[in-house]
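The following pair of complexes shares a single chain, subunit A, combined with subunit B in the former and subunit C in the latter.
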Partner chain A sequence: MSEALKPVEHYRALIAAAGPSLPGAGQPWLDARRQAAAARFAEQGFPTRKTEEWRYSSIGQVLEQPFRYRDEAFEALTDSDIEDLLLVEQPAARLVFTNGRLVPHLSTTDGLDSAVSLISLRAAIEQGSEFVDQWLGKAIIDSDLETFEALNTALLNDGMCLHIPAGVSIEQPIEVLYLSVGLDEPNVMTPRNLIVLDRGASARLVEQYASTTDAAYFNNGLTEILLGEDAELEHDRLQDEAAQAYHMSVIHLAQAARSRYRGMVASLGGTWARTEYHTAFSAEEAGCELAGFYFAGDGQLTDIHLDVRHPVPRCNSEQKFKGILAGRGKAVLDGRIRVVQDAQQTEAHLSNDTLLLSRNAEVDTKPQLEIFADDVKCSHGTTVGQLDPMQLFYLRARGIQADTARKMLCLGFADEVLESCTVPAFIERVDQKLQHRLADVHIDTTTSG
Partner chain B sequence: MLLSIKDLTVDVDGQPILKGLNLEVKAGEVHAIMGPNGSGKSTLAHVLSGREGYEVTGGEVKYEDQDLLDLEVEERARKGLFLAMQYPVELPGVNNTVFLREALNAIRAERGEPALSAVDFMKLMQEKLKIVEMKPDLLKRSVNAGFSGGEKKRNEILQMAVLEPKLAILDETDSGLDIDALRIVADGVNALRSPERGMILVTHYQRLLDYIEPDFVHVLANGKIIRSGDKSLALELEEKGYNWVLEEAVA
Partner chain C sequence: MSTGTEQVDELIRQEYEHGFVTEIESETIPPGLNEDVIRQISARKNEPEWLLEWRLEAYRQWLTMTKPEWASVHHPDIDFQAISYFSSPKKKDGPKSLDEVDPTLLETYEKLGIPLEEQKALAGVAVDAVFDSVSVATTFKEKLAEAGVIFCSISEAVQEHPELVKQYLGSVVPARDNYFAALNTAVFTDGTFVYIPKDTRCPMELSTYFRINAANTGQFERTLIIADDRSTVSYLEGCTAPMRDENQLHAAVVELVALEDAYIKYSTVQNWYPGDEQGKGGIYNFVTKRGDCRGRRSHISWTQVETGSAITWKYPSCILRGDDSRGEFYSVAVTKGRQQADTGTKMIHMGRNTRSTIVSKGISAAHSSNAYRGLVRMAPKAENARNHTQCDSLLIGDKCAAHTYPYMEVRNPTAKVEHEATTSKIGEDQLFYCRQRGMSEEDAVSMIVNGFCKEVFQELPMEFAAEAQKLLSVSLEGAVG
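This part shows the complex of A and B:
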């Protein structure tokens, strides 16, 4: 039985069993990639806390779960079942995945410019699309895959495949929903997205991970984004997984000259959740703005890893992350910015502020600026604190109950970072979820004059 | 009697600051409390509002015949006590409109009035903004965040106009204001004078009283009110300085 196997062996068995039925099995170009990834996974094994990138994030509990790989969408849903979850009123297109697989009858691409290609990765593979072969893996700068990336690639199956040709702008957001539903046994899913914007193209993308199940499941996702010259992408992501869920999102972003990326992640759900952004500029005058909000309460670990690379001059990046921790909640923010010697006139700023509502909460914040150029503007700042007694007093002195006042301050703290999102319903949803979470939270307050 | 303070003694960090203060304020009256730095003026304002860090060691404070010191900060506000602060606090991310509406509805609930709808609230705001000559833009911003000194003080008076307190305490409202801002703030305060409302102006300088004419002036020194009079006392202080009353009090 796989439960008795070591974690690596357990997943190797899953990969071996699933292999023949994965989409495109038998196509040499794809078999080669999956096999190489499987080999890489087996060779590399799971990271331990001795690995610097995993120092504060134990994955022990992830590995203890006997996840299986059942490759099957949950089809028995109608539009009305997902209506309340959706964030974009009139999306340019909508893709809905359940348990890792596209559900065509909940998805629509009718409103899209005919030049734009948005299909499921699975459909692209089955159609023998050269696009996937051409671009898959191209956004990953270090071609050696990390363990979870290798696991995703070995089980490469379904996800979003978006290609916007040169000069095409999509005004309304594209909405993508990954729903975990009706899982009676712990399942692992491997969503894989490939997003390519050609020269001068622009789009907005809103992604959401949600669930209607209490089951433990594991979303091990990998997203590759390639922005051509002058391309622009706004990309908002809501991670609102089930309380018992495990979530891994790795995003690789490659930006050509003068391209712009604005990304936001709101990480609220799951018992163990990690988001990684790996970004790199390939030419000058590109900009990358990353922002995020996290909340973790009892039994939650939320982990954000940033690896922002400036290999060329005159690009700018800004990373602004804020979080609120309650109970025994735990967060990790590891922000690495690398500016090579030739990357003169780089501008890069990182900030991380965490509000602790409990003495038992913990945050490990680790900014790492590695700057080898001398003509740069770079900064980092981190704060960890409690609610400000003066702010609380001010609200109470206007008649607002202490409890309400604390919640207003928490929401205000979150809204300061959420406001860069251009989808109002996204901000409202995060505020709502946060209010809901705060309703059950005890807030430790210290007194001071 | 709106407010009655008897023999109030207050310690801060174990040091006595107020040492037997007496004061009575009736509805409709404006009292100015003047005094040198460190005399306990701001302590008085804060202890009335219920701020933490002030230990009442003796005496009593009655507000509309209730023991004020028994009430929580928010209960005092709901019962009509308002402190316009010397240093209004910045609340980044907390929208000014949301804040004002939350505060007003909390106070309306206490008065047994229904919560105002968003539309009615915005109508009310348009009217109140005029009192302090404030641009509606400031309502869309976070409370006091990035406001100039004058904007912060005007925002305090705006809150007072919206919340319609029975007793307003203005702590050094004139500090840090240029002459134009001072006039706007003072005009706002004057517009809010009413036979149903008492006011206490805490100020170091006489200049605020050129714009807001008090009914009574008290000199607070070394934790006690050492002299009371009408508005002419303020002018005398302006002319002769505080040393004159301090010396007389000792004599």
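This part shows the complex of A and C:
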């Protein structure tokens, strides 16, 4: 970013420069959206610590980075290069993106039911797909885009575009890998996903953000999910970005009657990572279950924002998040449950537990309930503390070394959240990563309690 | 559930019991706020120069500040120029005994159930009655003086004990703390001052009844309580106000200082005029209350029962500075009609082994809105600090709202923070169980709601527990339909 330009100006310049070469430029329906988003972005500007949603997460660091927008996939990869990263042995389909763009030769959709449409967003736009025009932005209930959403939309480029027609059920998971690779200067990517499950459709989706680069980069992603009546989606996401990376994932979920969503995020990587879930039910008897695990060590901020809305009666939601902080790691959890006046018989629960392993770690947690209906059962519970000395004692009394005992307890703590995931390799991977991270961690044992 | 509807409606419609205006001549500065008004207030109260300077400094600060917008309350803009900042019941000389007090005033107290004549006979409750902005009668002074306790109006303290006032005033809530605190600092007219000397247990419960009177007079009370080493005091504050059509602003500041091993228990029953069914009238209660546990093992406990006011904006807080110090916050907030309450606490843990407990019970009915907003901060040095927070909300009717906004900031790994919050309505099964045993719905609801609040009520001194339960029954019994 040139010194003279303020962050907003810097990004406006990026948008202006990239505009003509973005896919579908010149198509009125798309131009209109991109322009509106660009205007919205310019009008909004970046949030500050005074913005309640950003109270504990400074974005100063993000804005200081002179990110470029280089719209180019890294193609020089073979299957063997990504083999070790993959989580699903026999996926129904696999999409691999590098630096924000689909790499066709690493991707396959051969195993999919022919009625299912899974293509890159870019391809969908270039084919002039009405599907994108019809559904893009529909899952975003407040049609006003937030700053990072607007930035994503203004630079709308590539991502996953999945449509599962009514009654079709995909047994094996679809795997999506976002790889940042071979970057020599700080780059911003804007993955955009559009996932639509029609009535009674069901699928499993496993996403992973990973990297093979040490460079700083910024993934500013936006995912829209629309579930039709009785549709079911299981959605597991592993955020394992590079140590210097910036990561923003906003997920908008709109659920029709009796649909079910189970989402999991494991947030482990990046120097600055934020995941937002915005969920809303449009009709009764739908259910949404969100779970998450976060780990932050030295130089890491991990931030999770949940905005769970109950605008209609008889839906239930459950949010369960756990995290472990070491070194100078910092975590933020802001979870809001909103129940409007007529949403009777809502059941919504949120829990958040954080383990602090070091003296300099910090957690800021803010669970909120906004309830306007009386016949509801809503609760939240939060705990922050260190490893239970009694549990440690129990393990040590059985001859287990202190270090091992601590690690066992940390893994057990994480597994309580991870176990809701139905992809075994996902859980194993997170466990491995966690063990690896814990190996470098000095766990403070200066407890007198 | 429809059988109780009529009773419910009747109770909800019930008019404010304490709504009456006492005709009494007031000596009032005309509405408006500027440096001259502040100089006038200060001059009338015969204040020393440093206090005037402090007020003016606060006023200048206030001019640069903006009204807080974060609370979940809504009200029309307050016209600070339309408020009269000083109103004192007219008197020629200060009354030396109750006989000299204006009989109309005494009548007012009687209507409120605080007959001053009987005060001395009452079991150990000394009342420093603040009628509008100037204390006119203080009782039990001799007995307190024997123990070395200073219990007087803050204006009196400024004259009699300037060194104590100067040392502690503004040391817990600085002038620039927030918008309303700055305003209070600039224009406060009266309030209570308490000093408990070392090694002293205050011989009786101290109590002040605030009462707002005289139309268009905002109340800007200032309370300062200092408990010196190893002393103990329990302070009660209760409020009622006459019915009125215009919104009245009340922006008090309460500062508590607990030194080593001192214990301050501060209890409030707040029952100001909440406005009519449509939300017209009613008091705006924007209060800053903060306690500072300065010494080792200091202990401050806030208990509040908030049933009145159109808007309540109030966060009694504890700064747990001293090692092993302790803070508590017990609250019952009841809203009905169009009332809005945004209340909670802050527990700032700075010392080692500090402990805090938060128990908040919110009950919302009709079109009201009730929010708990709290902060628990564990500073890096708060070794082995503990907090437990419990917030429960009860919703009565489908037009009301209950919100919970807890903030937890933890910067010490040995600290332990626990927070639980629930929101629900009165359980059908509980009601059924009671009714099955022959209780009327009215009694069942009353019992369940009282049970819901019990944890807080039992923290109140006995004198207040009765009033609190009565208030609750007036406000809510049968409000379930």
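The working rule: the second predicted complex is superposed on the first by the 442 of 449 C-alpha atoms of A that agree within 3 Å, B and C clash if a C-alpha of one lies under 4 Å from a C-alpha of the other, contacts with A are read in each partner's own complex, and residues count from 1 in each chain.
Here is the rule we use: a contact is a pair of C-beta atoms (placed from the backbone, for glycine too) under 8 Å apart; a residue touches a chain by one contact, two chains touch by 3 or more.
Small disclaimer: the values here were computed from a predicted structure and weren't measured.
In the overlay built on the shared chain, the residue A:G399 is in contact with subunit B alone; subunit C does not reach it.
Touch criterion met: A:Q341 reaches subunit C, while subunit B stays clear of it. Touch criterion met: A:G412 reaches subunit B, while subunit C stays clear of it. With both complexes placed on chain A, subunit A has more residues touched by C than by the other of subunit B and subunit C.
Once the two complexes are overlaid on the shared chain, A:P389 sits against subunit B while remaining clear of subunit C.
When the two complexes are overlaid on their common chain A, residue A:E52 makes contact with subunit C while staying clear of subunit B.
Of the two partner chains, neither subunit B nor subunit C is touched by A:W29.
Looking at the shared chain after the overlay, A:A373 reaches subunit C, while subunit B stays out of its contact range.
Overlaid on A, the two complexes show subunit B and subunit C touching the same residues of subunit A, namely 447-449.
Subunit A contributes residues 52, 56, 341-342, 344, 354, 356-386, 444, 446-449 to its touches with subunit C in the complex.
The residues of subunit C lying in touch with subunit A in their complex are 70, 378, 380, 383-384, 393, 395-425. Contact residues on subunit B toward subunit A in their complex (touch as defined above): 12-13, 49-54, 72-74, 76-78, 82-83, 85, 88-89, 91-95, 98-99, 102-103, 106-107, 110, 142, 159, 163. Chain contact summary for the complex, subunit A toward subunit B: residues 388-391, 393-402, 404-405, 408-409, 411-416, 419, 447-449.
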